[in-house]
(Lines give C-alpha, C1' and ligand atoms only; values in the text may rest on other atoms or scores of the structure.)
Protein backbone atom coordinates (compact mmCIF):
# COMPACT_ATOMS: atom_id res chain seq x y z
CA UNK A 1 0.00 0.00 0.00
CA UNK A 2 1.40 3.39 -1.05
CA UNK A 3 -0.34 6.53 0.16
CA UNK A 4 0.89 10.14 0.03
CA UNK A 5 -1.23 13.14 0.94
CA UNK A 6 -0.80 16.85 1.47
CA UNK A 7 -3.18 18.08 4.13
CA UNK A 8 -4.09 21.63 5.20
CA UNK A 9 -2.84 22.53 8.66
CA UNK A 10 -1.24 20.41 11.38
CA UNK A 11 -1.46 16.63 11.30
CA UNK A 12 -3.56 15.41 14.22
CA UNK A 13 -4.38 11.81 15.09
CA UNK A 14 -8.07 12.54 14.39
CA UNK A 15 -7.35 14.08 11.01
CA UNK A 16 -5.02 11.25 10.10
CA UNK A 17 -7.56 8.61 11.09
CA UNK A 18 -10.11 10.30 8.83
CA UNK A 19 -7.64 10.62 5.94
CA UNK A 20 -6.74 6.93 6.19
CA UNK A 21 -10.29 5.66 6.70
CA UNK A 22 -10.74 4.93 3.01
CA UNK A 23 -7.73 2.62 3.22
CA UNK A 24 -8.51 0.94 6.54
CA UNK A 25 -9.56 -2.39 5.06
CA UNK A 26 -6.43 -2.61 2.94
CA UNK A 27 -4.32 -1.82 5.96
CA UNK A 28 -6.03 -4.37 8.19
CA UNK A 29 -5.50 -7.10 5.61
CA UNK A 30 -1.84 -6.20 5.34
CA UNK A 31 -1.35 -6.06 9.11
CA UNK A 32 -2.53 -9.63 9.48
CA UNK A 33 -0.90 -11.33 6.52
CA UNK A 34 2.18 -12.20 8.57
CA UNK A 35 4.74 -10.66 6.21
CA UNK A 36 5.42 -7.57 8.31
CA UNK A 37 8.12 -7.81 10.96
CA UNK A 38 8.67 -4.12 11.64
CA UNK A 39 6.87 -0.83 11.39
CA UNK A 40 8.52 2.55 11.82
CA UNK A 41 6.70 5.84 12.20
CA UNK A 42 8.39 9.22 12.02
CA UNK A 43 6.75 12.48 13.03
CA UNK A 44 8.24 15.88 12.29
CA UNK A 45 7.28 18.42 14.95
CA UNK A 46 7.68 22.22 14.85
CA UNK A 47 10.27 23.31 17.42
CA UNK A 48 10.16 26.62 19.25
CA UNK A 49 13.70 27.77 18.53
CA UNK A 50 14.93 28.17 14.95
CA UNK A 51 17.91 29.91 13.45
CA UNK A 52 16.96 33.09 11.61
CA UNK A 53 18.86 33.26 8.31
CA UNK A 54 18.04 36.98 8.08
CA UNK A 55 19.52 37.70 11.51
CA UNK A 56 23.00 36.14 11.44
CA UNK A 57 21.53 32.67 12.04
CA UNK A 58 20.90 33.38 15.70
CA UNK A 59 18.19 31.31 17.35
CA UNK A 60 14.82 33.02 17.71
CA UNK A 61 11.48 31.89 19.05
CA UNK A 62 8.86 30.73 16.58
CA UNK A 63 5.10 30.86 16.76
CA UNK A 64 4.64 28.55 13.79
CA UNK A 65 5.93 27.47 10.42
CA UNK A 66 4.02 28.26 7.23
CA UNK A 67 4.42 25.48 4.68
CA UNK A 68 4.08 26.50 1.05
CA UNK A 69 3.58 23.76 -1.56
CA UNK A 70 3.75 23.98 -5.32
CA UNK A 71 0.59 22.14 -6.32
CA UNK A 72 0.06 19.67 -7.87
CA UNK A 73 3.79 19.05 -8.28
CA UNK A 74 4.30 18.67 -4.51
CA UNK A 75 1.50 16.10 -4.22
CA UNK A 76 2.77 14.17 -7.23
CA UNK A 77 6.37 14.41 -6.00
CA UNK A 78 5.39 13.04 -2.60
CA UNK A 79 3.57 10.13 -4.25
CA UNK A 80 6.42 9.37 -6.62
CA UNK A 81 8.92 9.49 -3.76
CA UNK A 82 6.79 7.13 -1.64
CA UNK A 83 6.49 4.65 -4.51
CA UNK A 84 10.20 4.83 -5.26
CA UNK A 85 11.26 4.36 -1.62
CA UNK A 86 8.79 1.48 -1.19
CA UNK A 87 10.27 -0.31 -4.16
CA UNK A 88 13.89 0.40 -3.36
CA UNK A 89 13.62 -0.87 0.21
CA UNK A 90 11.09 -3.67 -0.30
CA UNK A 91 8.42 -2.07 1.88
CA UNK A 92 5.03 -3.69 2.33
CA UNK A 93 3.45 -0.31 3.04
CA UNK A 94 4.27 3.39 3.13
CA UNK A 95 2.12 6.31 4.21
CA UNK A 96 3.45 9.87 3.88
CA UNK A 97 1.47 12.90 5.04
CA UNK A 98 2.66 16.49 4.83
CA UNK A 99 1.07 19.72 6.02
CA UNK A 100 0.30 22.72 3.88
CA UNK A 101 -0.13 26.11 5.56
CA UNK A 102 0.39 27.02 9.21
CA UNK A 103 1.62 24.51 11.82
CA UNK A 104 2.23 25.76 15.36
CA UNK A 105 5.08 24.95 17.73
CA UNK A 106 4.62 21.42 19.13
CA UNK A 107 2.34 20.42 16.26
CA UNK A 108 3.11 17.76 13.65
CA UNK A 109 3.82 18.81 10.05
CA UNK A 110 5.01 15.50 8.61
CA UNK A 111 4.21 11.84 9.20
CA UNK A 112 5.94 8.90 7.57
CA UNK A 113 4.95 5.34 8.44
CA UNK A 114 6.52 2.33 6.79
CA UNK A 115 6.16 -1.43 7.22
CA UNK A 116 8.56 -4.12 6.02
CA UNK A 117 9.68 -7.67 6.79
CA UNK A 118 12.68 -6.52 8.87
CA UNK A 119 13.76 -3.49 10.86
CA UNK A 120 16.77 -2.60 8.70
CA UNK A 121 14.53 -1.88 5.73
CA UNK A 122 12.31 0.41 7.76
CA UNK A 123 15.23 2.41 9.17
CA UNK A 124 16.89 2.79 5.76
CA UNK A 125 13.59 3.73 4.10
CA UNK A 126 12.75 6.49 6.60
CA UNK A 127 16.22 8.04 6.39
CA UNK A 128 16.19 7.81 2.58
CA UNK A 129 12.68 9.26 2.23
CA UNK A 130 13.40 12.30 4.39
CA UNK A 131 16.73 13.03 2.67
CA UNK A 132 15.05 12.96 -0.73
CA UNK A 133 11.99 14.88 0.47
CA UNK A 134 14.30 17.72 1.45
CA UNK A 135 15.90 17.70 -1.99
CA UNK A 136 13.17 17.01 -4.50
CA UNK A 137 9.67 17.76 -3.28
CA UNK A 138 8.64 21.40 -3.84
CA UNK A 139 7.61 22.32 -0.30
CA UNK A 140 9.02 25.40 1.42
CA UNK A 141 8.68 26.61 4.96
CA UNK A 142 8.58 30.13 6.31
CA UNK A 143 9.11 31.03 9.93
CA UNK A 144 6.40 32.97 11.75
CA UNK A 145 8.46 34.59 14.48
CA UNK A 146 7.19 35.31 17.95
CA UNK A 147 7.28 39.01 18.86
CA UNK B 1 11.38 10.95 30.37
CA UNK B 2 12.78 7.41 30.45
CA UNK B 3 10.37 4.51 30.71
CA UNK B 4 11.02 0.79 30.18
CA UNK B 5 8.52 -1.94 30.92
CA UNK B 6 8.15 -5.67 30.35
CA UNK B 7 4.51 -6.56 29.83
CA UNK B 8 2.79 -9.95 29.71
CA UNK B 9 1.50 -10.86 26.25
CA UNK B 10 1.24 -8.83 23.05
CA UNK B 11 1.50 -5.03 23.12
CA UNK B 12 -1.81 -3.53 22.12
CA UNK B 13 -2.65 0.18 21.83
CA UNK B 14 -5.13 -0.22 24.69
CA UNK B 15 -2.62 -1.94 26.94
CA UNK B 16 0.04 0.62 26.10
CA UNK B 17 -2.28 3.54 26.82
CA UNK B 18 -3.02 2.03 30.22
CA UNK B 19 0.67 1.36 30.95
CA UNK B 20 1.58 4.94 30.07
CA UNK B 21 -1.34 6.59 31.84
CA UNK B 22 0.70 7.24 34.97
CA UNK B 23 3.13 9.24 32.84
CA UNK B 24 0.61 11.11 30.70
CA UNK B 25 1.09 14.49 32.39
CA UNK B 26 4.85 14.30 32.07
CA UNK B 27 4.50 13.40 28.42
CA UNK B 28 2.03 16.17 27.66
CA UNK B 29 4.33 18.77 29.22
CA UNK B 30 7.24 17.49 27.16
CA UNK B 31 5.23 17.43 23.93
CA UNK B 32 4.45 21.11 24.26
CA UNK B 33 7.73 22.51 25.49
CA UNK B 34 8.92 23.16 21.93
CA UNK B 35 12.23 21.29 22.21
CA UNK B 36 11.12 18.22 20.25
CA UNK B 37 11.54 18.30 16.48
CA UNK B 38 11.17 14.60 15.75
CA UNK B 39 9.62 11.48 17.19
CA UNK B 40 10.28 7.98 15.94
CA UNK B 41 8.30 4.91 16.91
CA UNK B 42 9.39 1.37 16.11
CA UNK B 43 7.16 -1.67 16.46
CA UNK B 44 8.44 -5.22 16.23
CA UNK B 45 5.77 -7.56 14.85
CA UNK B 46 5.76 -11.38 14.83
CA UNK B 47 6.03 -12.65 11.24
CA UNK B 48 4.46 -15.85 10.01
CA UNK B 49 7.54 -17.38 8.39
CA UNK B 50 10.68 -18.03 10.42
CA UNK B 51 13.76 -20.12 9.78
CA UNK B 52 13.86 -23.23 11.93
CA UNK B 53 17.39 -23.71 13.33
CA UNK B 54 16.54 -27.32 14.17
CA UNK B 55 15.44 -28.11 10.60
CA UNK B 56 18.31 -26.92 8.40
CA UNK B 57 17.18 -23.30 8.72
CA UNK B 58 14.30 -23.80 6.28
CA UNK B 59 11.38 -21.42 6.61
CA UNK B 60 8.39 -22.76 8.52
CA UNK B 61 5.08 -21.24 9.53
CA UNK B 62 4.73 -19.92 13.04
CA UNK B 63 1.71 -19.65 15.28
CA UNK B 64 3.44 -17.43 17.79
CA UNK B 65 6.66 -16.60 19.57
CA UNK B 66 7.11 -17.30 23.27
CA UNK B 67 9.31 -14.66 24.91
CA UNK B 68 11.21 -15.77 27.98
CA UNK B 69 12.74 -13.09 30.22
CA UNK B 70 15.22 -13.45 33.07
CA UNK B 71 13.57 -11.35 35.75
CA UNK B 72 14.38 -8.90 37.19
CA UNK B 73 17.59 -8.66 35.15
CA UNK B 74 15.67 -8.18 31.88
CA UNK B 75 13.58 -5.35 33.30
CA UNK B 76 16.65 -3.66 34.79
CA UNK B 77 18.61 -4.22 31.59
CA UNK B 78 15.87 -2.64 29.50
CA UNK B 79 15.78 0.38 31.82
CA UNK B 80 19.55 0.77 31.85
CA UNK B 81 19.68 0.50 28.06
CA UNK B 82 16.94 3.12 27.66
CA UNK B 83 18.75 5.52 29.99
CA UNK B 84 22.07 4.95 28.24
CA UNK B 85 20.66 5.43 24.74
CA UNK B 86 18.77 8.55 25.84
CA UNK B 87 21.95 10.08 27.18
CA UNK B 88 24.18 9.04 24.30
CA UNK B 89 21.84 10.45 21.64
CA UNK B 90 20.50 13.47 23.52
CA UNK B 91 16.91 12.24 23.56
CA UNK B 92 14.17 14.20 25.29
CA UNK B 93 12.17 11.03 25.84
CA UNK B 94 12.38 7.27 25.40
CA UNK B 95 9.74 4.61 26.00
CA UNK B 96 10.63 0.93 25.55
CA UNK B 97 8.06 -1.84 26.00
CA UNK B 98 8.76 -5.54 25.56
CA UNK B 99 6.45 -8.54 25.75
CA UNK B 100 6.90 -11.53 28.03
CA UNK B 101 5.18 -14.80 27.07
CA UNK B 102 3.20 -15.62 23.96
CA UNK B 103 2.76 -13.17 21.07
CA UNK B 104 0.87 -14.34 17.98
CA UNK B 105 1.67 -13.75 14.32
CA UNK B 106 0.79 -10.15 13.39
CA UNK B 107 0.94 -9.01 17.01
CA UNK B 108 3.44 -6.53 18.46
CA UNK B 109 6.15 -7.76 20.85
CA UNK B 110 8.31 -4.67 21.10
CA UNK B 111 7.67 -0.92 21.01
CA UNK B 112 10.32 1.77 21.10
CA UNK B 113 9.37 5.43 20.90
CA UNK B 114 11.92 8.22 21.10
CA UNK B 115 11.74 12.00 20.84
CA UNK B 116 14.62 14.39 20.18
CA UNK B 117 15.35 17.83 18.78
CA UNK B 118 16.26 16.47 15.29
CA UNK B 119 15.53 13.42 13.19
CA UNK B 120 19.13 12.16 13.01
CA UNK B 121 19.20 11.58 16.75
CA UNK B 122 15.98 9.58 16.65
CA UNK B 123 17.15 7.34 13.80
CA UNK B 124 20.53 6.69 15.41
CA UNK B 125 18.93 6.02 18.80
CA UNK B 126 16.44 3.45 17.50
CA UNK B 127 19.09 1.55 15.54
CA UNK B 128 21.48 1.64 18.50
CA UNK B 129 18.84 0.54 21.03
CA UNK B 130 17.75 -2.48 19.01
CA UNK B 131 21.31 -3.59 18.30
CA UNK B 132 22.17 -3.48 21.98
CA UNK B 133 18.85 -5.03 23.04
CA UNK B 134 19.74 -8.05 20.94
CA UNK B 135 23.14 -8.32 22.62
CA UNK B 136 22.67 -7.44 26.24
CA UNK B 137 19.13 -7.80 27.53
CA UNK B 138 18.31 -11.32 28.75
CA UNK B 139 15.22 -12.02 26.65
CA UNK B 140 14.91 -15.17 24.56
CA UNK B 141 12.31 -16.22 22.07
CA UNK B 142 11.03 -19.66 21.21
CA UNK B 143 9.07 -20.47 18.08
CA UNK B 144 5.66 -22.05 18.43
CA UNK B 145 5.36 -23.79 15.07
CA UNK B 146 2.12 -24.25 13.20
CA UNK B 147 1.25 -27.90 12.57
CA UNK C 1 9.75 36.26 -25.96
CA UNK C 2 8.78 36.73 -22.32
CA UNK C 3 8.68 33.84 -19.89
CA UNK C 4 6.84 34.05 -16.61
CA UNK C 5 8.54 32.09 -13.82
CA UNK C 6 6.75 31.10 -10.61
CA UNK C 7 8.86 31.57 -7.48
CA UNK C 8 8.46 30.18 -3.98
CA UNK C 9 9.97 30.12 -0.53
CA UNK C 10 12.62 32.66 0.42
CA UNK C 11 12.82 33.87 -3.19
CA UNK C 12 9.14 34.72 -3.17
CA UNK C 13 9.12 36.27 0.30
CA UNK C 14 12.16 38.39 -0.58
CA UNK C 15 10.71 39.57 -3.90
CA UNK C 16 7.26 40.01 -2.30
CA UNK C 17 5.67 38.36 -5.33
CA UNK C 18 4.95 34.84 -6.51
CA UNK C 19 6.18 35.28 -10.10
CA UNK C 20 8.72 37.21 -12.16
CA UNK C 21 9.13 37.72 -15.90
CA UNK C 22 12.30 37.34 -17.95
CA UNK C 23 13.00 38.51 -21.48
CA UNK C 24 14.62 35.77 -23.55
CA UNK C 25 15.11 34.76 -27.17
CA UNK C 26 12.42 32.64 -28.81
CA UNK C 27 12.24 28.98 -27.72
CA UNK C 28 14.79 29.40 -24.92
CA UNK C 29 16.25 26.44 -23.08
CA UNK C 30 15.88 25.94 -19.35
CA UNK C 31 19.53 26.97 -18.98
CA UNK C 32 18.88 30.23 -20.81
CA UNK C 33 15.91 31.05 -18.60
CA UNK C 34 18.01 30.40 -15.47
CA UNK C 35 20.74 32.69 -16.79
CA UNK C 36 18.15 35.38 -17.55
CA UNK C 37 16.79 35.11 -14.00
CA UNK C 38 20.29 35.74 -12.69
CA UNK C 39 20.88 38.68 -15.00
CA UNK C 40 17.50 40.34 -14.86
CA UNK C 41 16.49 39.71 -11.23
CA UNK C 42 19.51 40.44 -9.06
CA UNK C 43 17.23 40.61 -5.99
CA UNK C 44 16.59 36.89 -6.41
CA UNK C 45 20.26 36.01 -6.45
CA UNK C 46 20.48 35.11 -2.77
CA UNK C 47 17.97 32.34 -3.41
CA UNK C 48 19.42 31.17 -6.71
CA UNK C 49 22.03 28.49 -7.11
CA UNK C 50 24.52 29.03 -9.96
CA UNK C 51 22.59 28.82 -13.26
CA UNK C 52 24.28 25.56 -14.19
CA UNK C 53 22.94 23.82 -11.08
CA UNK C 54 19.61 25.65 -10.80
CA UNK C 55 16.39 23.75 -11.25
CA UNK C 56 13.29 24.71 -13.16
CA UNK C 57 10.11 22.69 -13.23
CA UNK C 58 8.32 22.82 -16.56
CA UNK C 59 4.68 21.78 -16.42
CA UNK C 60 5.24 20.35 -12.93
CA UNK C 61 8.22 18.15 -13.76
CA UNK C 62 11.90 18.86 -13.20
CA UNK C 63 13.39 19.83 -16.57
CA UNK C 64 16.84 19.18 -18.02
CA UNK C 65 19.04 22.18 -18.87
CA UNK C 66 18.69 21.70 -22.60
CA UNK C 67 14.91 21.36 -22.59
CA UNK C 68 13.20 24.05 -24.70
CA UNK C 69 10.46 26.20 -23.17
CA UNK C 70 7.40 26.57 -25.36
CA UNK C 71 4.78 29.31 -25.13
CA UNK C 72 2.12 28.28 -22.61
CA UNK C 73 4.45 26.11 -20.52
CA UNK C 74 4.15 26.58 -16.75
CA UNK C 75 7.67 27.38 -15.57
CA UNK C 76 8.63 27.34 -11.87
CA UNK C 77 11.91 28.02 -10.11
CA UNK C 78 12.53 25.26 -7.57
CA UNK C 79 14.91 26.83 -5.09
CA UNK C 80 16.16 24.96 -2.03
CA UNK C 81 13.15 23.15 -0.60
CA UNK C 82 12.51 22.47 3.07
CA UNK C 83 9.73 20.02 3.70
CA UNK C 84 9.46 17.70 6.67
CA UNK D 1 31.56 -27.01 45.79
CA UNK D 2 28.48 -27.25 43.59
CA UNK D 3 27.19 -24.26 41.65
CA UNK D 4 23.67 -24.17 40.27
CA UNK D 5 23.43 -22.28 36.97
CA UNK D 6 20.14 -20.99 35.55
CA UNK D 7 19.75 -21.59 31.82
CA UNK D 8 17.38 -20.05 29.27
CA UNK D 9 16.37 -20.02 25.64
CA UNK D 10 17.59 -22.79 23.35
CA UNK D 11 19.89 -24.13 26.08
CA UNK D 12 16.96 -24.59 28.41
CA UNK D 13 14.61 -26.04 25.77
CA UNK D 14 17.30 -28.46 24.63
CA UNK D 15 18.13 -29.59 28.17
CA UNK D 16 14.42 -29.61 29.12
CA UNK D 17 15.26 -27.93 32.39
CA UNK D 18 15.82 -24.39 33.63
CA UNK D 19 18.96 -25.09 35.68
CA UNK D 20 22.02 -27.32 35.74
CA UNK D 21 24.62 -28.00 38.41
CA UNK D 22 28.40 -28.03 38.00
CA UNK D 23 31.03 -29.40 40.36
CA UNK D 24 33.87 -26.89 40.85
CA UNK D 25 36.62 -26.10 43.34
CA UNK D 26 35.80 -23.78 46.24
CA UNK D 27 35.32 -20.08 45.34
CA UNK D 28 35.48 -20.63 41.57
CA UNK D 29 35.75 -17.77 39.12
CA UNK D 30 33.19 -17.09 36.42
CA UNK D 31 35.66 -18.48 33.89
CA UNK D 32 35.98 -21.73 35.85
CA UNK D 33 32.22 -22.16 36.00
CA UNK D 34 31.94 -21.62 32.24
CA UNK D 35 34.65 -24.22 31.61
CA UNK D 36 32.86 -26.65 33.94
CA UNK D 37 29.60 -26.12 32.03
CA UNK D 38 31.41 -27.07 28.84
CA UNK D 39 33.04 -30.14 30.36
CA UNK D 40 30.18 -31.43 32.47
CA UNK D 41 27.17 -30.58 30.25
CA UNK D 42 28.07 -31.52 26.69
CA UNK D 43 24.37 -31.36 25.75
CA UNK D 44 24.50 -27.61 26.34
CA UNK D 45 27.45 -27.11 24.02
CA UNK D 46 25.38 -26.11 21.00
CA UNK D 47 24.13 -23.13 22.97
CA UNK D 48 27.44 -22.22 24.58
CA UNK D 49 29.96 -19.84 23.13
CA UNK D 50 33.62 -20.72 23.81
CA UNK D 51 34.20 -20.42 27.56
CA UNK D 52 36.44 -17.38 27.12
CA UNK D 53 33.62 -15.41 25.49
CA UNK D 54 30.68 -16.87 27.41
CA UNK D 55 28.69 -14.70 29.74
CA UNK D 56 27.41 -15.39 33.20
CA UNK D 57 25.22 -13.07 35.17
CA UNK D 58 25.92 -13.15 38.89
CA UNK D 59 23.13 -11.75 41.02
CA UNK D 60 21.51 -10.26 37.91
CA UNK D 61 24.55 -8.40 36.61
CA UNK D 62 26.97 -9.46 33.89
CA UNK D 63 30.12 -10.68 35.61
CA UNK D 64 33.77 -10.44 34.57
CA UNK D 65 35.69 -13.67 33.93
CA UNK D 66 37.80 -13.29 37.06
CA UNK D 67 34.92 -12.58 39.39
CA UNK D 68 34.66 -15.14 42.21
CA UNK D 69 31.37 -16.94 42.81
CA UNK D 70 30.35 -17.08 46.45
CA UNK D 71 27.91 -19.54 48.01
CA UNK D 72 24.36 -18.17 47.68
CA UNK D 73 25.09 -16.16 44.52
CA UNK D 74 22.44 -16.47 41.79
CA UNK D 75 24.32 -17.58 38.69
CA UNK D 76 22.76 -17.51 35.20
CA UNK D 77 24.10 -18.46 31.81
CA UNK D 78 23.26 -15.69 29.34
CA UNK D 79 23.39 -17.41 25.97
CA UNK D 80 22.63 -15.56 22.76
CA UNK D 81 19.59 -13.39 23.44
CA UNK D 82 16.87 -12.51 20.96
CA UNK D 83 14.55 -9.77 22.12
CA UNK D 84 12.74 -7.35 19.86
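By letter and in written order, the chains are A, B, C and D; residue numbering begins at 1 in each of them.
Basically, a contact is a pair of C-beta atoms (placed from the backbone, for glycine too) under 8 Å apart; a residue touches a chain by one contact, two chains touch by 3 or more.
These numbers come from a predicted model, not from an experiment.
If you average the CA atoms of chain C and of chain D, the two centres end up 70 Å from each other. A separation of 27 Å divides the Cα centre of chain B from that of chain D.
The centroid of the Cα atoms in chain A and the matching centroid in chain B are 23 Å apart. For chain C, the set of residues that touch two or more other chains comprises 84. Across the assembly, chain B contributes 44, 119, 130 as residues in contact with two or more other chains.
Interchain contacts link the chains end to end along an open line, per the touch definition above. Here the chains touching each other pair up as A-B, A-C, B-D. Residues of chain B touching chain D in their complex: 44, 53, 67-68, 70, 72-74, 76, 98, 109-110, 130, 133-142. Chain contact summary for the complex, chain C toward chain A: residues 6, 8-10, 12-13, 57, 60-62, 76, 78-79, 81-84. Within the complex formed with chain A, the chain B residues making contact are 31-49, 62, 105-106, 117, 119, 122-123, 126-127, 130.
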